[in-house]
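One chain, chain A, links the two complexes that follow: it is found with chain B in the first and with chain C in the second.
Take a look at the complex of A and B:
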């Protein structure tokens, strides 16, 4: 149950602890102690997100205004104008932040294992990335949303640059260029909504639209929606931004890509739900969101088929599966939204398995190209088994978690009278398996054409891979573990 | 007169378009699978326009089929348009934005 407090203690901590950690590790720059500070901070954030009750945080302690009694109140249970900058920590926020925190923990551990120099600035960008993602999923006002999307975009650039190759520098520069457009677009959308309703708080905007009405303002709302869509496309790497976003994923270290893709999914869910809440009743809105999602799914998976590097195949599959997440939200039904959010959670988990396997390949001399065969299965059969299980989960095969969310999405599409979408989801699943198995066969199973180094994969990577595989199976067999967070939040309304 | 033979010739020419150099390389399997998958995807996507109107869906389906043959092999064109060149992405970004605004304002 939502505990109705307007100053929940955990919300600032979930944001501030990563921020303070980023400042400290950046200042320390290059010492052994960074490792311990980073891991401890990531674990503390994970712990807080697990034990935290639900509630709100109204920044600056500003009370809400009750128009019925003309009084101020600190009780979020009373339907009043919030006015203040508002954060919410509910069941959806909890499950998404817990999963992201878990990935943060392993990302930090893998970074300390893999990187030997300049750990401080790199860790700082990873923690800032997590903080921006946490803000975006908790925020209920457009000011904070805009700021978090802007900061999140720039931090993505920082993470990619930190990978230190010329490809990553180019990818970061191009991505930074577009952040100016989408950030400005979101600001214009905010300004238009503020102009129409007089409020920046999402709940207040909806309340005004429902009570006062929007008659005569539809065109302005549509333009605002158009700018929102730009930010959505950019944040999640939806078509036509997918070449830049896939480049960002492919050019980063795989462990960093795990956090980057988690941040993208959180942004897609958060912005998608806000768009649905504000504009969902207008004609043609859902159709536009559905078409954008389907095009992203199709392009992502088809382009994954023609890639010649395992990293880039995963990068394009992340893009394609982002389309699955947005599709569920775009359907706008309860089943669709449940499926979309569940898909986001599952997607973050199984893509992390594949990315950690990709990180393990770095220890065999970076054997990720599919141009040659390396016969890694002989050298590391457990890694081969892990990557196959990750591929099965990504393809939505039972008993893995991907199956559960995709079946909900298929049912939601059928219930919405869109069997074509259900067919496309099935085809995306099958094509995902084809794209991954092509690479797995070349890199792991085929007798080697090129001899690779003998390597010992660090225990931390193996532990991370198998922990997330176990998670995919547990959620696949007992989906209620995740759904008990998502269903009540969707059925009871997402936010106040 | 169009005969089965000429249709076969057209089909053979269509398939030959894929084969440049060694036609049995590892990457060719990806291209051919991608081409076929994409054709099916866009046909299903075109049929989705029935939610607006059936005649529109039929017209778009026919146009999609014609475009698929005209641009064959489509996957090569998709790969080209998928370039991460900044100007090209910006171009598509603006096209998308214009279409979204036009459809929503006109439709709504």
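Take a look at the complex of A and C:
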């Protein structure tokens, strides 16, 4: 059993440093120093998440006050004074926050060396996005989960609007309206669970349900589950609301999309595991989650096939691969959850490779459409090699990381008696490769129909692309590097 | 026979507000009306939370002189739902502000508040 620290120092820092940075860069919105503050802040956050031990932190909460002994107690039989709003930092939180912090570092660097001058408010939204994602993955109470989801959704709107096009404004508006509904739904779910158990803390809710039993609570639990599903769909862009999220991904700058997709994966894992913990014993819950996951996988990859822009192909593939993450969690088995969380980590990494490659294409005059061929491989063979490697990783080919997580998911599906889902996972992998290779051939390899300008890609983009490619290969060859965080957490019940 | 209590009436009113709010947001075409529907939805959630925290014959959750701890724990209204309501009010105001800002931007571009016109014929 892992040793846990109470009131862990690092948990507030992981949240507060990005928040303070957001306030500062917003206040000095047009100063050059924003660049250095942002990069330093992102690096500090990364460092803290690496060196931090595991443990808990109480926020505006405390153990129950026992009126008989005048002492604090963890006895769930005393409901009224136990708020129990807590954050947990364990192995799963560590690996996901470290990877997200790494993406934050490169996102911040790319935002400062980008094609247009980006001011403080844009940088502030990037940091707030990271903060909301970190809260969501660490939280162990529904109150903070709800707040983080609400804040995260508003920040997503801000990031999309910052792209400044007509499409981005429309995408932001649609996303804002739906997030208003799903956020309110999550608040209703919180209210209902608070009403029937007296607690907002997830562990306490489960303890009450196990102690008192769920007889008579089923209807309320199913209604709460419905609202949770709504929030889950919205968080990851699961079917049938995948068009909203894909528009958000496609309408943002690629480096911002890298952080957005990382936030989505963290939300999917956190909300999915919380749903499994609270509602997992009810009939038909897992079936509903599996159904949504499979539909999302299929719809996402099919829609990726018919897109004519590399950005939108990646956007729909992110949606499709979100289905792989949720599928693992929805299976509810040990292997399934390990595969789902591992897939989330891998997905964040290889999608970042593709998104950074897409960002590099902007330096060739925005040559992301597959309607014309640009022959970019002649001008930048290394970029072509990088995007091909990213595509192989996304398609789950060995020796890349995608292969390792998908093979676990396939095994988990077979062990759960669902061979048809294993076949669907394989089909999604193959279709992913086809969708990406089609676009790569048109943009990079086919003799040019449209001449593009010579471009000097910033070193930061090249460094980011190759760093993440190396990560995909290292994790692909040595999966234990990631699995040694995930397996003990799942086996020891040390989940968010 | 179900006893009609203040709490039950609160639940019914909250459910009505939530349903009307969601229906308005989904079916109304005018953006401003959609935003008004969102405020109804948000108010419905607040009312639901207040109703959950309500205790018949309860007292404010402050330990007053002369009150025993046991009596206090039995009669004090739940404070947590009220805290959530305060948070929801802040979130509601923020969301409304962002929605209004987006609608203003799109109105300047398209000259209409109709969602069916603004969101029609998107080109990538």
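The working rule: the second predicted complex is superposed on the first by the 466 of 496 C-alpha atoms of A that agree within 3 Å, B and C clash if a C-alpha of one lies under 4 Å from a C-alpha of the other, contacts with A are read in each partner's own complex, and residues count from 1 in each chain.
Definition applied: a contact is a pair of C-beta atoms (placed from the backbone, for glycine too) under 8 Å apart; a residue touches a chain by one contact, two chains touch by 3 or more.
Please read these numbers as outputs of a predicted model, since none were measured by experiment.
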Kindly say whether there is room for both chain B and chain C on chain A in the superposition, answering fit or clash.
fit
Per the contact definition in the header, classify A:161: touching chain B only (first), chain C only (second), both, or neither.
second
Which partner does A:285 reach: the first (chain B), the second (chain C), both, or neither?
first
With the two complexes superposed on chain A, say which partner A:301 touches: chain B (first), chain C (second), both, or neither.
first
Please indicate which partner A:442 is in contact with in the superposed arrangement: first for chain B, second for chain C, both, or neither.
first
Would you sort A:490 into first (chain B), second (chain C), both or neither based on which partner it touches?
neither
Of the partners chain B and chain C, which touch A:174 in the superposed model: first, second, both, neither?
both
Just to be sure I read the superposition right, which of the two partners does A:194 touch: chain B = first, chain C = second, or both, or neither?
second
Partner with the higher number of touched chain A residues, chain C or chain B:
B
For the combined overlay, can you note the least CA distance between chain B and chain C, rounded to whole Å?
6
Please write out, lowest number first, the residues of chain A touched by both chain B and chain C across the two complexes.
174, 177, 181, 308
In the complex with chain C, residue positions of chain A that touch it
67, 78, 80-81, 83, 143, 147, 150-151, 154, 157-158, 161, 166-167, 169-170, 172-174, 176-177, 179-181, 183-184, 187-188, 190-191, 194-195, 198, 200, 250, 308-309, 312
Chain A contact footprint on chain B (complex, rising order):
26-27, 29-31, 33-34, 37-38, 40-42, 44-45, 47-48, 51, 75, 78-79, 82-84, 86, 89, 92-93, 95-97, 100-101, 103-105, 107-108
Complex contact set, residues of chain C against chain A:
18, 21-22, 25, 31, 34, 38, 41-42, 44-45, 48-49, 52, 69-70, 72-73, 76, 78, 80-81, 83-84, 87-88, 91, 94-95, 98-99, 102-103, 105-106, 109, 118-119, 122-124
Spell out the part of chain A that touches chain B in their complex, as residue ranges.
171, 174, 177-178, 181, 218-219, 222-223, 225-226, 229-230, 233, 239-244, 247, 282-285, 287-288, 292, 294-295, 298-299, 301-303, 305-308, 370-371, 417-418, 420-421, 423-424, 427, 431, 434-435, 438, 442
